[in-house]
Structures are given as C-alpha cells and as structure tokens.
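Following are the structures in question.
Both of the next two complexes hold chain A, though its partner changes from chain B to chain C.
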Partner chain A sequence: MLTTPPHLYIRRPSPTTAEFTVTTCPPLTIPLRLALLALLTLRITVVLSVIIALYAQFASPPPPPPPNRTTTTTILSHLSTASLLDALLALQTSPPGQSITRLASALPASVLALACAGLLYAGLLLRLHTTESVLVLRGLGIQIQTSSHTAGAGGSARFIPTAKIQDVLINEAFKGFEVRYYLVVVVEGEEDVVVVFPRLLPGRRIVEAVWRGVRGCLYEPGEGGRKDGGVER
Partner chain B sequence: MAPPPPSPPSPPSSTPTYNIAMVSDFFFPQPGGVESHIYQLSTKLMDRGHKVIIITHSYEDRTGVRYLTNGLKVYYVPFMVLYRSATFPSVFSFFPVFRNIVLREKIDIVHGHASLSSLCHEAILHARTMGLRTVFTDHSLFGFADAASIMTNKLLKFTLSDVDHVICVSHTCKENTVLRASLDPLMVSVIPNAVVAENFKPPSNPAETSRGHAFGQPAPPARQLGPHDTITIVVISRLFYNKGTDLLTAAIPRILENHPNTRFIIAGSGPKAIDLEQMIEQNVLQDRVEMLGPIRHEEVRDVMVRGHIYLHPSLTEAFGTVIVEAASCGLYVVCTQVGGIPEVLPSHMTVFAKPEEEDLVAATGKAIAALRANKVRTELFHEQVKSMYSWTNVALRTERVYNGISGAISDAEFYGYDASLNAANWSATRGRSGVQSFALIDRLKRYYGCGIWAGKLFCLCVIIDYLIFLCLEILFPRDKIDTCRDWPRKTLNEEKEPGVR
Partner chain C sequence: MHPFSTLTLGIFVAGYITARWDLVTRLYELAIFAWDYGVVSRAAKGFAVLTFVFLAVFIPVQRLATLEANLHPRSPGSGDRSSWLATPPLSVMPEHDGLMRVFWPADLPRSNLKGVVVGWRNSALDVFVVAILDEVEPRNVESALKLGTLFRNAPHPVSRIYELCGQSSLYVLGLSNTPETVEVDPSWVRVTTGPGHRVPSVSCARASSIQIILFERPLPGRMQYISLNPIALALGDKQDSFRNYFSESGEEEEEKQERLNKKKKQQLVEKLKDHSVIRHVPSAKERALAKIVNQMNWAWELEKLIQKNVSRIGTRPKRSLSVSERVVESATTMRDMALVWLWDLMVVYALPIIRRTFVMGLICHRIAAEMMLRVLEWRARPRYAALKDISATAQQVEIRLQQFCYWPMQYVTLRLRKNDWESVTTSHPDYIRFYNSLWLVANDVIIGIALGSYIIDNSDWVAEEISRLLSTYTVEALQSSISWLMGWPAGLKLNTELAEFLGDLFLWVIDYWSSCIETLHPALPHIVSIIGFSSFAGASMPIALLSDLLSILTIHIYSFYLASARIFHWQLNILISLFHLFRGKKHNVLRNRIDSCDYDLDQLLVGTILFTLLFYLLPTVVVFYLNFAIARMAIISLKAVFDTMLSCLNHFPLFALMLRIKDPRRLPGGIRFELRDTQDFRIAFRDPPRQLPSTSVIYLKSTPLNFKAMFHQYFQMGNRIRKHYLSPRVLLCLLTGKFVPPLNRKNLYSLQYSMLPARRAGVMEMWDAVNSLPGPKRRAMPIYVPALANGKRIPSNYGGGRSRSYA
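Our next item is the complex of A and B:
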C-alpha cells in the first residue's frame, strides 16, 4: 500500500527540457499521508525503544533517582545531559519501558546488539521509496539521478554533456533469474555504458516511453532522432 | 464511439506460424555441424514466417542477448562450463531463466538439438512441465556397450520419455535413437541435413561463367583426365579415432604405392595427427602427402576443389554432411559403409568400402581407375546435389512436424494411419489427438517406465520440477514479465520458392 510498482512521471517545464522520473512512491493522497505519518510515529517509537533497551542493558545498574532535587528549571537545563538521562530513566521506569527492559535483560548481549543495530537501521536510515530520474536539456546534455538506499545520503547524480553522448538505446540483459529491458546511454570514450534507472529497472513500457521522450527532446525534431545529427550539432 | 482498433495483420497464408525456441549447448561462435544446422534451419523457418529464437549458454566473450543479422535472436545464458563447452548439468537452476525467456518470447514449441547437450535435455523437461510442445533432433550415433554410452542413453531415455516428436538426420540414426531411448518409431521422423550448395561450387571454368548460368542450359563440359595426370585425394576431417584416422594412416602408403600419379591433401587437426606425421616420415611421402592442419569452415571449399577424390574413412557417422559438400564441389567420393552414410549420396557419386584397410585401398583403386577412364561425370554432381539437398526443404519438413505435434494436421495425415481405428496402438505415451498429454500423472507414468531405479528417480525429478514451477508462478507471476517485441516477420510467399519440392 505504501509503495507501488515503478511508475513514470514526465515533467516538461519548457519545450527543450524534460524530466522523466520513475518512482515507487504512489500519489500523495490523504490516506497515504496519514499512513506515512503513522509510519513515522512507529519509527520514532522503535528508535526510542532501542535506546531504552540499550540504556537498560549497558548502562546498568540504573542509579536510584535522587529523592528531593531542588529543581529550578529553565529551558536550557532541560537540554542538559543530566536531565536527558532523567527523562530516559523516567521512560524506562514507565510500564512499557519496564517490559522492554525485561526483554532486553532476557536476551544475550550479542543478540541484543545485533537486533538493536538492525532496528536502528530500519528506523533511522532505511528509505521507503526509490526515485530515479533523468533530466534532458537540449543542447546541454542528460542528467541521471538516483536516490540512495538510506536517508541522509543524497543519492548520486551524473551529468553527460551532449557532445559526449553517442547514443541512447534500449537493451536486454540477464539480471538474476530474469531477462530485463534497460535504457542505456553510450558515452564517448568510456568502456561501459551508463544505465538509466539502474536500481528500479522499470518494465518495457516505461523504458520505451522514456527512450522516445529522451530522443525526442535531446535531438531536434527535424533530424528524426538521427544520432549523427544530434551529436555533431 | 471510437472505431475499434485495427486488428494486427494476420499472415496471409493459412498455415499456422509458431514461436520456436531452439535450445542447444552448441551454437556459434563455436564452429561445428550442429551449430550450422541450427542456424540454417532457423533462418529458413524464419523465411517461412515463424519466429525463432536460440537459447544457448554463454561463451567467454559472449553473454546476454544478441541479434544476428537476419533478426535471429540468441540468448547466451550465463552458466558454468564443464568441459568443451558442455555445461554442468544444473538440472533445476536453469528453470527460472528458461521460464522467463519462454514467457517473454511467447514460445509455443521448444526444439532441442544434440543428445550430448544437457541444456537441451533440461529445456525439454522444463518445457513439458510448462505445457509446451517439444521436439528433439538427434545428430549423432552412439554405442550401447561402454559406460559413457549407457549413461548418455539413460539420460536420453529420461528426456525422450516425454517429448512430442523426435527428428533424426538419417534412417540409421533413427534406428539407433529408437533403440537407445525405447521410442515408438512412429514418433521419430527422418529429416536429413542439407548443404548450402552455393558455398560448395566446383571450380568454375571461364567459358561457363561468361555464358552465365541459365535454366535449360546444356550440361557443363566433362573434365577430361589424361592417363598420367595427377589425381589428388582430399581428406578433411577431425583426426580422431572415430573418424577413422588409423584406417587412413594404414591405407595411405599402400594407395600411393599402387597408384603412381596420386597425391593426398589432409586437412584437420586432432590427437591422431601425430600418427599421420609419423607415417609420412617413415615412408618418406612428404612430397605426396600435404598436411594442412586445422582449417575454417569457409576454407573447406577451397581445399576441396583442389582434388578429384574425397576419401572419408569414418568409423561411425550419423549423416556425414562433409561428403555431401565434397560431392557438391564435384569430387568423386570414396567412403566407408557405416552409419547413415549409405543413405546420403546416390551410388553413382560414391564408391563404398568396408571399414577395413584392405577394402579401403581396393575401393580407392576402383575410384582412381574410374576417374582415369573418364567414366564418372563429376561435373554434374553439383547440380544434382543442389536439387537433392536444400535447407528450405528441411525447414518445410520440420514445419510439418510442428504442425503434426500441435494438432494442425490430423493424426492420420501425420503418422500415416488413423489412431482411432487402431485402438490396440493406444498407450500411455499418446493422448487423444496423437500428441502427448500434459497431465502430471500421465507424465509420471511415462517416466516410471524408464527402469527399476531410474524410473523412480526420474519421477522424483519431474515432481521437483513441477513444484519449482509452482513456486516460480508465485514468485515471478506471469503478468509481471515483459513480453518482447517481435522482429518483423516475413510472410511466406510460395511463388518465390520454386526450389521447394
């Protein structure tokens, strides 16, 4: 529900520019937004539980709370390490926190560490949707963008100037147990071709639509997409 | 209301066209007889409006999907190569890729080639599991006695227990295959190989080429041979034991001794080359025996036209394409009477010998004498071979097999008798329409009859294969697999093919 099979968006800000985006993210409707919000809450909970579990396991024994602390609270003091630790302790002593503590103490330390690492990766870093795009600017070139697996990292982008583009074509290759179609840019002076949409590898319909679009936008319409005319210009 | 979209143009001829996958371990860039058979047959089938793809394993520098110049699509599936480009029997690991290819290309008929190719056997097994029609072409003869043959025969029996039709290249080969795999002879057809006669033309004399080559033109003038002209005997073969190189080694000194104005040209390489060289050294025949070493297939014609007699001492041969090529080049053929060779050429082109030294020397002597007496019209051989062997004809006959197994022509027409009248001939192997049933239980019945232990083992394999098939249907659903665009099909034009007999 949260992701879809790869589908194509085409944006044409000007007659000489086109952006083809292939993404697994469905259109943002209200239910989807709510679901994403719920997912965010779930992720925060998971991360918090992991922190509690780690704290309970590796920072034990928890010091008993000081009986009567004179608290002159400012906003700044809320952000101090001591008060953060206090908050953590409060969370830990709450009923759900205690059950997490019990679970953490039941597991061996190595298993706990591995589980925590996995959960942290899923909660903090994993990106739900993959988006890949190719931006075509007539007379300038093609920019190929790919989002990264993890949040935080910005993904990669590659710009290929028109003079370097020898051809844009569709090919077939074995990938795992399948034969897939893929769109490639043949770059002058490079041993390997550049694959467009390398992670999603969308199906034939999308690849063909993008191929037509890229060739139509990159080369003048009068030239009928002939590669020589397009490159020499 | 929008007008209904125009329906895709259907082929004008009434004969159905098929999507055919040729599967074999042996294909170009590797040279060989099976390879060129597959290529020629595919090309001619495409000319008849069918869609043909080829599935083979990858070679060092060739992996992935390639198109040959005429639109023939070749899948070089990456695999581990075991020995001499035969793949490791990876029985089930090939299935996912195979299923993907079959679905995306919308294949109806899987046609396997060569009994030593494990890829072909696997493909036939998987294709039957997927409910496709299968054809197998056998290109070679095998013994029954030694361990390797027994293993191969068992494997062959496994595959051929559940195949729709088998094609053999000669009647001897058919006999051999029927015995090895315990088949019903009715489901085995004989379709010989062919040669591209244009590639094997005899040496042209200038007068003829200037006149041009028209129909009804008088036969080319006879090549007159004087009593003291040198007669050249050509041998082109891989120098292996089964090709009769030992026989050749023994016969050459005696032939040269008996017939002064003769010489030999030997092309080819192999483990027995050293024996030939020793023989030449011992008898000091360097100036009368020329060893050319390995030559490419394109050069075969140029070597052949240098000679007058082609000597083929092979000990076993399913068909022997090379003697057809030799005859097409206008050579008088001396060959051993083994395997399918006696079926290949008419008797006026050949002198047969038993596979013994004595007889081979005598037969060669007879051939030399006949040539010296100018009794053999070798210059006519080319046109005769051309009219006997053509790939178009092979494709036509193969197409008939496809029609037969897919039910496009009736049983009575295909098998030559009416199955419904012959209820006694009904067996588990043959279903209602004379084609094999796809039901798993019927398939298991057929495999179970293969042997006490082998039958059970084969059944196990088939069941596992079926389970894998079900898993694949769930893991890689059919509707998620992209279908390919077809290469523009040719439409069959009967008027354009006057050579079809």
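Our next item is the complex of A and C:
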C-alpha cells in the first residue's frame, strides 16, 4: 500500500527539455498521507524505545526519582540536560518503558547493541521510496539521477554531455531467473556503459517510452533514421 | 561623505553661525512664539488626519486599480504591437529547430531600468549573458565594444579573455525592459527582468523554444570555479610513467591479469562502436560546452570590469574637479604618497638582500638534498634494490626531500598566477596540492614534537617497555611455543626424534639471539632517545624508524620462517614425486606433464618406503612451519599498520577536506542540472506583453567533489594490498611452503608519490625558476596626478579616466 510498482512521470516544459522520473511513490492521497503519518509515529516510537533500552542497559542503574521537583518551569528549564534525563527516566518508569527495560536486561549486551543499531538504522535513515530520473536537455546532454538508500545522503547525479554520448539503446539481461530490459547510455571513451534507472529497472513498457522520449528530445529532428522506432537488442 | 569634506562643512557651518548670530536668535524666538500659540499641536493634528485619510482611502483605491489593471492586461502601445507581431515572423523564420539557449547568471543584479544585454554569442541561437548595462544606447555599446572601451584599465592583457573564452569579441545580445515599440535586430533577445523576478523572461524573434540556463557565477577571487571533470587532487603525469616502470621491472601475476582484462574490455568497447548505425555529428551547440564552462568561470570578473567602464560609453562627462574637491583630493593623497614612498624604500633597499640570501639558502639546501637523494637512489645494478626500497626510514627521508625540492617549483607556478587574470583556473589544483603538502608537513612536525618530547622525557621507561615486549614476544613466546611443539602438542603424536631435533635447533638459535639482544640492552635508551629526537622532523620519522627497528629485531623469526618453509617445501616436492612413482607415473619436465613410466622393482620398493617415511614425518615439519609462518604473518600485518599510519601522515587530503567543508565550490566535481517548474515562472509574468515561447528553466549547479573521489588513492592502495595478500595465490604459497613475497614497496608507496612529479627538477632548473620570479611590483601611484599639475609624474596605469583608478 505504501509503495507501488515503478511508474513513470514526465515533465516537459518545452519540446527540447524533458525529465522522465520513475518512482515507487504512489500519488499522495489522504489515506496514504495518514499511513505515512502512522509510519512516522511508529518510527519515532522505535527510536525512543531504542534509546530507553540503551539507557537502561549501558547507563548507570536508574537512581530513585528525584523528589525535589522545581516549581518554576520555564521553557528553558525544559531544555537542559537534567530535565531531559528526567523525562527519559519518566519514560522508563512508565509501563511500556519497564517492559522494554526488562527485555533489554534479558538480552546480552552485544546482541542488544547490534539490534539497537539495526533498529536505529531502520527508524532514522531507511528511505521508503526510490526515485530515479533522467533529464534530457537538447544541445547539452543527459543527466541521470538516483536517490540514495538512506535519508541523510542526497542522491547521486551524473551528467553526460551530448558530445560524449555514443548511443542510447535498450538492452536485455538476466537478473536472477528473469530477463530484464534496461536503458543504457553508451559513453564514448569509457569502458562501462551507464545504466539508466539502475536500482528500479522498470518494465519494458516504461523503458521503451523513455527511450522514445530521449531519442526525440536529445537530437534535432532533422536527422533521419533516428526516430524510426524498433527496440535495439 | 569623506571625513575631510565633513570637517570642511562643519567649519563652514560654525563660522556662518558666529558671523550671523542675530539670525539664530531670531529663529529661536520664532520657535518659542510658535510653541506658545499651539502651532505645533495643530500641525500634528493635521498630519494625523491626512495620514488616516491616505491609509483608509487612497491605498485601497490604488490596490484595487492595480488588481483591475492586471486582470485585463493591455500593452502600452497596442497599435504598434500588431504591426510588430505581423512583420517579424514573415521576415525571419526560426532557425533549425528554433531552440535558443540562454545562459544567464542567477546572481546578476536585477533592475527595472532599460538596459543593453552584453555577452558572448557562441552560435546563432546560443548566447551567454555577461552583463546588463543600464541606461545606455545599444549603438553606443556596440561601438564601445568594437573600440574596446569597455576593457579600459584592465589589469592584465585582454587578449587572454578572448583566447580562453573561445570568442573573438563580446556582442550586444539584446535589450532588457524595452517596450515592444522599439524595433530591434531579429537576432537580439528581449528580456524582461526586475527586482521581483528571480527568472528573467526572454524572447527572441528567431527562436520557437527557449532554454534559460541559470547559474551561480563562481567567484574567482575566492578561487571558486566550475569544471566538467572532477578536480584532480593527484598529479596526473605520474600514473603512466609508474606503470611503464613496472612493466620493465617484471610485472606481477595479477598485474598481468588486470592488463589482459582491460584489453578484452577495450575490444568489447570497440565492437560496441559498430552497433551504433548512424553517427550523430555533434552540432555547434553541443561542442560549445567546454567553452561555456570557461565563460562561466570568467563571468564574474568580466562583468565587474565592464560595469566599471560603463561610464565611458557615449558622451564622456567632461567636468573638471571643483576647487573644494581638489583640496580634498590632494589632502587624501598625501597619506597615500607617504605610504608609497616608504614601500618604495623597502622594495629598493631591504627586499633584494633578504631575497638573495633566501634564494642562496634554498639552492644550498637543494644541492644537499640532491646528494642525499643520489645516495638513497643508488643501485649497484639496475635491477637491484636501492636503499629506499628496503628501509622505511630511507623512503620517508626521500619523500620529504623530494617534497622540499618540489615546493619552490610549485611556489613559482603559484606566484606566476598573480600575473594573470583571477579567472584562469588551471593552477587551482596546484594550489590545493601545494598547501595540502605544506599543511601535512606542518601537522606532522607538530605531532612529532609532542611525540618526541614525550619519548625523550620518558626514554628510560620506553626503552624498558620495548625490551620487555621484545623478550616476551620474540624470545619467550617463541621458546614456549617450540617447547610445546616438542612434546606432542594438543595430543598430536609427532615424531619425537625429529621434533626434538628441530626444536633444539631453533631453541639454540633463539638462545644465541637473546644473548645478542641482551648486549643491545644498554644501548636501547640511546636508540630510543635518537628516535625521540628524530621525531622533531615529523611524527612520520619515528614511525618509519620503528618499522625498520621491528624488521631488524625480528630478523630471527624471518630466518626461521625461511628455513622451515624451505624444509617443508622440499619435503612436499619429494612426496609429490614419490607419489607419482607410487602410481607408476613420472613428471616429464620437457613437456611439463605426467607420463607413465615403467619402474624397476627395487626402485619401486625404495621409493615406496621413502614415501611412507617422509609422509609420516610430514606433520612434524608442518607444525613447525605453521608456527613460524603465523609469526611472520603477524609481523607483516604489524608493518602494514605502520605503513598505513605513514601514508595517513604523508598523504591525507586534509586541505581538500577542509575546503570541502568550508567552501565546496572550490572543489568542483562536475556539473548538475535541475529542471525548475515553469508554473510559478509564468505566474510571475502575469501580464505578458507578448506570447512567450515555450520556455524551460534550468539551473546549472556545480557538484562538489565527493568523498569517494577524495580518498580514491586510498581505495586504490587498499585494493592493491588486498589483491596481493588475500589472493588464492598467497594461500597456495602458504600451503606449499613457497616464499610469500612481500608487497613491493614502490607499489605501496605509489600513493605518496602521486603528489610528486615523475621527474624532479634539477638544481639549475630550480635556480632559473626562482630567479625568473618577478620582483615585487612597485606599487603604482594610487592617484591620478593631473597632467597639468607639473607634467612630471604620470603613473603607469594612467588611463585618462576617473581620478582614482584604485578604489
């Protein structure tokens, strides 16, 4: 429900410039937004419980709750480390916090650390959707963009000037037990071809549509024989 | 306002007041009179009422009016508009596919004024905007461009601009914010821009679709630039010569494999070329990209120069300075003159002496370095190892000396940069390399001083610790392990006699070695303090010394390893050939294959008996061999750790990392485009006076160098080490008792040499280079002394322009 099979968006402000985006992110409807919100809260809970577990395991055994509660609470006093620790302690003494603490104390330290690292990675950094795009600018070149796995890092982009593009074609390859069609840019003077949409590897229909679009957009229409279709194998 | 003119004004006012004191008293009385009769309060009331009326009535009315006007756009000269629309499409057809490309600096000042767009014209529909000149006539701009008036007072030769930007001159590209009524050349663009618009709207009679490519101009003063290819942090010329060197000195197995793979891939690539049926001939626009990148790098400096000279266009304002201005002028220049005089004194007398002594010192240093380097590189025969290949210390000294030899050359190239425009970007990687190596050496020395003072202060303790470690790990541990092996280790029933023989042999050698170390013991504190003192030359020095010390002090392990490996290898070989005999086969050396062979009975009998004997003795030998092989591997990995530390100290891209954080635009790693939505762009121009052609707005951004590329050399070295030591070949060598060759030092250090040129400059070359440096410029007179004054001193940069050429 949260992701769809890869599908294509095309942005084309002028006939000489086009961006083909393949993404697994479905169009944002109200239920989807709600689901994403729920996911966010789930992530926050996971991260919080990980913090509690780590605190319970590796920090000193919980001291008795401090009785001398300060009466004057301003916003600033909420932000100090002492009050943060207080809040953490309060969370820990709450019923779910206690069950987490019990669970954490049952596990050996190394297992707990590994599990916490994995959960933190999933909760903080893992990205749900993959988006890959190719931007075609006539007279300039092709740019291939891929979003990264993790949320922190921005994706990578590679620009190939037209003068260095030898060919753009569709190829097929085995991947596991299936045959996949993929779009390839052959760059002059380089050993490896550049695969467009390397992570999603969308189906043949999308690849063909993008190939036609790229061909039509990249070169001037005057050159014959370029647009006569047919998938090159 | 200038301080002097302020002072003059103050004096004037004070004098006037004292002269006409009665006027002041009259004014004062008038004020008191007005206050007494309530004039002030009445005036305030009136002001308040008027303000209220303005806020409540006029402003809403004005807003409504503008809204209404925007709802029904009406161009100012609607009559002319139709004629304009009617004529151009007939007279000029869009060329080719009618795609016009406009490169536009996003940080160009935006104004509402009428202006002339000036820039490069790379091809008919491919323009690059450099500047917008406000409030000038296009005809005057054209003539000024032809005459070169706009490049007056250029600090460096103007031809260099044309050469690097690949065009013969700047052109008038179009008009900005001009009404439609004005007839323009069909190849010119019409631009509408203003403080509110982030993206200008562009139209051209010849273009049917337009790409506006916006870019942020890199600031040449801060050494920012844009480049198509990632900036090279290592020297490029190194790699090939290094490869050649290797192919001469016998390349290794995996290198050969790598080369073959590469060749195969090359063939595949060649084959792929045949698959593209129609060759696409790149158009002028596509070929221009490299040139355009250069133009972007120049854009900032050019615009500043042109804007400085805008006032020269058209009728030159002829106004001589007024008397007061002249007084101020000469008063301010007085101080500057004194400064210049002092500076001149220093340049003429003190500087040459300092410079000469410095150069002499440098050359003496260079000669000494040359001699040391000769010693370090001396080989008895061409194939033999030089001193620097054997010892880490010699290697370290050599690297430092090479760096010292290279610095003056680098510095000279960097100094020559000052004689050129700031936008010339070719020397920026050199700059980064130079300061990186300087910084690394400084860092190294700082860490070294800390480390050295610690070692010297605690030399006794350190020596004690070292001797303890030595005796524990290289003597006692070995002894205990050997005696363990002698008495049926782990329940493994070895041949007692052979084990005792081998064990006693090794134990005896170890005893002898430990007595040697004992004699060394009193000298150890001195050695440690020598290491401590050496670390004032950098922390890398004691590390290299330690690495060498480790190889010297564990030489017995190395020899044990060699001996046991040799024994094991012989035995294995004999076993294999006896096994062939056992099967009635033999190894044909001539054809390198196994042939069957008819052995005699006695041959077979003796061979079988020997095979059995040797086979049962094999485990004993294997155990000893494994023991020493493991010890040897531990030492190799320890040395690998030292080498890694050394390469970190010598080569870490510290400066580049700092730049990446401080100003990523100084480390360009290529370019990136971003397609912007044109929706809001169209809304911004709600009242289009004409139908805009289909426009796409693209942002060009420079991507900073990624961290992977920064540490590329490290990855390469790691790969090489991994390939060498973690390959199946090494495992095979270990299993069959063949000698595992250590990784070639040169191979390992290719990383560090990537910062140095393939061939170091000779002494004479350096002498020439250092002497070719231009002397410090005699600072030109900061003022324009009018030629009329007495006609004697005319500064060299006299351009006949504004009074002050230097701001």
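Assume the second predicted complex is superposed on the first by the 219 of 233 C-alpha atoms of A that agree within 3 Å, B and C clash if a C-alpha of one lies under 4 Å from a C-alpha of the other, contacts with A are read in each partner's own complex, and residues count from 1 in each chain.
By definition in this document, a residue touches a chain if its C-beta (ideal position, glycine included) is under 8 Å from a C-beta of that chain, and two chains touch if they have at least 3 such contacts.
The structure presented is a predicted model; accordingly, all values stated were derived computationally and were not measured.
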Fit or clash - chain C, chain B, common chain A: fit
First, second, both or neither for A:Glu178, with chain B first and chain C second: first
Partner chain(s) touched by A:Gln143 [first = chain B, second = chain C, both, neither]: second
Contacts of A:Leu114 with chain B and chain C, given as first, second, both or neither: neither
Chain B versus chain C as contact partner of A:Arg11, first or second or both or neither: second
First (chain B), second (chain C), both or neither touched by A:Leu37: neither
Partner chain(s) touched by A:Gly203 [first = chain B, second = chain C, both, neither]: first
Residue contacts on chain A - larger count, chain B or chain C: C
Superposition-derived minimum Cα distance between chain C and chain B (Å): 7
On chain A, positions contacted by chain B and by chain C: none
Chain C-touching residues of chain A, taken from the complex the two chains share: 11, 13-17, 19, 135, 137-141, 143, 156-159, 161-163, 165-167, 169, 186, 190-191, 193, 219-223, 225-226, 232
Touch list for chain C against partner chain A, complex: 96-97, 99, 101, 126, 209-211, 213, 228, 262, 265-266, 269, 272-273, 275-278, 280, 282-283, 285-287, 289, 670-673, 675, 677-678, 693-698, 703, 706
Touching residues (chain side chain B, partner chain A) in the complex: 63-65, 75, 77-78, 96-97, 100-101, 104, 476, 481-485
Contact footprint of chain B on chain A as seen in their complex: 171-174, 177-181, 203-205
